[in-house]
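Each structure below is given as structure tokens.
You will see chain A twice below: alongside chain B first, and alongside chain C after that.
Entry: the complex of A and B
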């Protein structure tokens, strides 16, 4: 291991170990996993009954020698919807808190000067912190996903196939990128605030707008959401009919899309929901088609991630030049 | 002739339009224990922050072991150890884990071994497996010294190292600094208000007032120069009073 990678590893391990030993982080992790378990339990109980009905029908159809048996209309992956929404909302708060605690810990222990008076470059500091945070967030996502997938199997009596698990892994990776962005936000806001708690409040304010307000505005303005079950479905129109009608409201739709595009959460959600069969119209398509369909959302997610990582590096550099200037 | 351990030339620092350091110039030779004295706000911590690369000066030169603190940061930070005032260390880690972390950041080849050896050197090996959150101020200060020397630096900077220590802790710290200087040949640069300790420990003193060095000499010469004064405190007051 080179000297530089040794320092990055030390900083990453420090970030990870500090989070694992934090009671706040442990409490948050328990809340997230518990909420996921409840959500999967509720949806899987109903799913198990539907699956039993379908299997009864299938057995009867086979016994009667029916030439064509309707495929199962059930989508076990869609049972992960609640888990994904909790990752979007609670996970983002946890990631912000992780960033806040990372900065607040150095301030309260007065250890920042000890790190900065050692031969550690800004790039090494940025990389070390990010890798450590990605490790923490990956652990969190893995715990959530394992609980959700096991819940579907044990309670819903339908274990996911290898292909479905692969989709879940891809969504998990996107979730780590999504949460990593909020971690960077937490570090940046806290570092720039003279009082650490003020930084946390600012970061939570951004979270409120990005995770809750903007997607809600987008959903509220969506014409299809004006009637329970979908306006276009109620009118008996398919996706093509919906597209034809919306062509008469180009300006309105463009504004609504712009608002939704401003929300990082919406981009993650579109990708995650497409891959986990939450949106019915995507269920007939293969993985390649789905990734191609959501590539713009993936690009947005990566663009946000790159911007926030650059912001983190800039903030750490700025801090290294100014943090001690108030002392005499 | 080797470069001095510390060399400061025409150092200026302005903060919030007010001069904190004003054309500060002094040198500290290798092997010295240098006591840096001055009233609150004189610029002592700013000087240490510049020499430890934590702060960029407005102008002037600050060198450690011949390396510039602004343009050659990496080389300077490899040669220094630093103990800021009132450092608390990481409470959720053990003493051994704290030291290993800082040893790794300093690029020490065998961090675990270096951490254990440093604790043993300070007679604090029993602290190794204990979480720092359970430590008293004195124990934290010993660990603070340990992190500052775990990579065996050439120059050790101590900013108000006696603050919060009881008399026993002050005595232990004095003995530790003497051993570091004698056994390991470390140059020690110490900011402190505790003049009785400076008189016992330091080989050279410098007095800073309003960002300017108003006095620098060896302890022995200082005692000779002010025969009428009973203590370093009296000498300090006389030097300060003589400044316009």
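Entry: the complex of A and C
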């Protein structure tokens, strides 16, 4: 191991250990995992009954020697929807908290000056922090996913195949990138604030807008969401009629899509929902097609990640300069 | 004494950025809710016109206009989402900032070296923040009333009354979270732990409990039109007993009845939805009182 990677590893381990020891982080992780378990339980109970019905039909069809048996319309991966939504919302709060605690802890323990007294470059500091945080967030995502997948198997009586598990792993990786962005936000906002708690409040304000407000506006402006049961259904129009009518609302729909696109959460959601069969229209397609279809969302996710990592590096560099000038 | 302290507290709140942020955010969300409502109602009318033309071309009769059954105050239905999501977080921060400085800076020690009872101290803090919250609600009500007047071309006295009742309910709901912000400062040692604990409770009330008691997914709860889970599931029959704890659901149900954007309910049912909010406010108030008596102000808290 080179000297630089040794330093990065030491910083990452410090970040990981401190986070794991934090009671606040533990409490939030318990809330996330419990909420995931409840959501999977709720959806799996109904799913188990539907699966039993299908298996009864299949057994009867086989016994009667029917030549064609209808494939199962059920999608066990879609049962993870609640778990993904919790990662989107509560996971992001946890990531911001992780970033906040990382800075606040160094300030209150005065360890920042100690680290700077060692020959550690800004790049090593940034990498060390990020790797440690990614380790914590990966542990969190892994715990959520394992609970969700086990819940589908045990409660829904349907264990995922290797291919489905691979999809879940891809979604998990995207979730770690998504949460990493919020971690960077937490660190940047807290470092820039003279009082760490104010930085936390600013980061939570951004979270509120990105995770809740922008997707909510996009959802509310959806013409079909204006009436309970759907506007187009109330007007007696099918999918073709909806498409024809929406051609008269190109500008409106473009604005709505633009608002949704401004939200990082929506990009993660589109990718995750496509791969986990949440949207029925995607269920017939293979993994390659789905990744190609959602490549713009993946690109946005990566662009946000790169921008926030660059912001983190810039903030740490600035903090270092400010500290040096204060010392001299 | 209580008047002096309340006056002082009101001046502090006014000087704090938290109150300006709170008021500014409410002006923004109320305006946004009205604009979204306006946009939605315009869209419904335009979609209906296009649908009528399309159906006429295929020789089918025009369906009834869905806008005819849309209630007059439906254009503000997004407020019932923004209050529990944005307003409640801001209320926690407001409650937190009301008591944290006295605790963290050591001013609390100085204050209690004077002949002042803790009950009077707490009452003045709570009264001041309740008044500040009321100012925000009055501003929000005024914007909503003007928006309905302009967009609908008029407003009935009944609708004015309904808006007053709705904002009174919102005041009570937000007051619960102000008290939550105060309680968490009194039970924790550090500034951040207090804020994060309150945030954890908010997450549980806003996202987790509606899922447990009614099967409402977190993202679905962002839409004013949410379909509850089927009541046949034995799980929900069991957890529905916890529904009074699901304050955000109770608030949304009561709001939908008051604004007439949901299913019609009797006065008794509306009061059943309102009662948990009021009980929570009273319980947290009593808890604040108990905690402030036991709180050790001689030990200055950490600034972080």
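Here is the rule we use: the second predicted complex is superposed on the first by the 302 of 328 C-alpha atoms of A that agree within 3 Å, B and C clash if a C-alpha of one lies under 4 Å from a C-alpha of the other, contacts with A are read in each partner's own complex, and residues count from 1 in each chain.
Note that a contact is a pair of C-beta atoms (placed from the backbone, for glycine too) under 8 Å apart; a residue touches a chain by one contact, two chains touch by 3 or more.
All of these numbers come straight from a predicted model, not from anything done at the bench.
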| item | value |
| --- | --- |
| Per-residue touch tally on chain A - higher for chain B or for chain C | C |
| Partner chain in contact with A:172 - chain B first, chain C second, else both or neither | neither |
| Touched partner set for A:108, first chain B, second chain C, both or neither | both |
| Contacts of A:6 with chain B and chain C, given as first, second, both or neither | first |
| First (chain B), second (chain C), both or neither touched by A:14 | first |
| Partner chain in contact with A:215 - chain B first, chain C second, else both or neither | second |
| Partner chain(s) touched by A:235 [first = chain B, second = chain C, both, neither] | second |
| First, second, both or neither for A:195, with chain B first and chain C second | second |
| Contacts of A:119 with chain B and chain C, given as first, second, both or neither | first |
| Shared chain A contacts, counted only where both chain B and chain C touch the same residue | 108 |
| Parts of chain C lying in touch with chain A, wherever the complex brings them together | 32, 36, 39-40, 43-44, 46-48, 50-51, 54-55, 60, 63, 66, 70, 78, 81, 85-86, 89, 93, 191-193, 195-197, 199-200, 203-204, 207-208, 211-212, 215, 217-219, 222-225, 227, 229-230, 233, 235, 302-304 |
| Chain B - residues contacting chain A, complex | 15, 20, 40-46, 49, 52-56, 73-74, 77-78, 80, 82, 84, 86-93, 97, 101-102, 104-107, 147 |
| Parts of chain A lying in touch with chain B, wherever the complex brings them together | 3, 6-7, 9-11, 14, 17-18, 21-22, 105, 108-111, 113-121, 321, 323-328 |
| Residue ranges of chain A in contact with chain C within the complex | 24, 27-28, 31, 34-35, 38-39, 41-42, 45-46, 81-82, 85-86, 88-90, 93, 97, 100-101, 104, 107-108, 195-197, 200-201, 204, 208, 212-213, 215-217, 219-221, 223, 225-228, 231-232, 234-237, 241, 244-245, 248-249, 252, 269 |
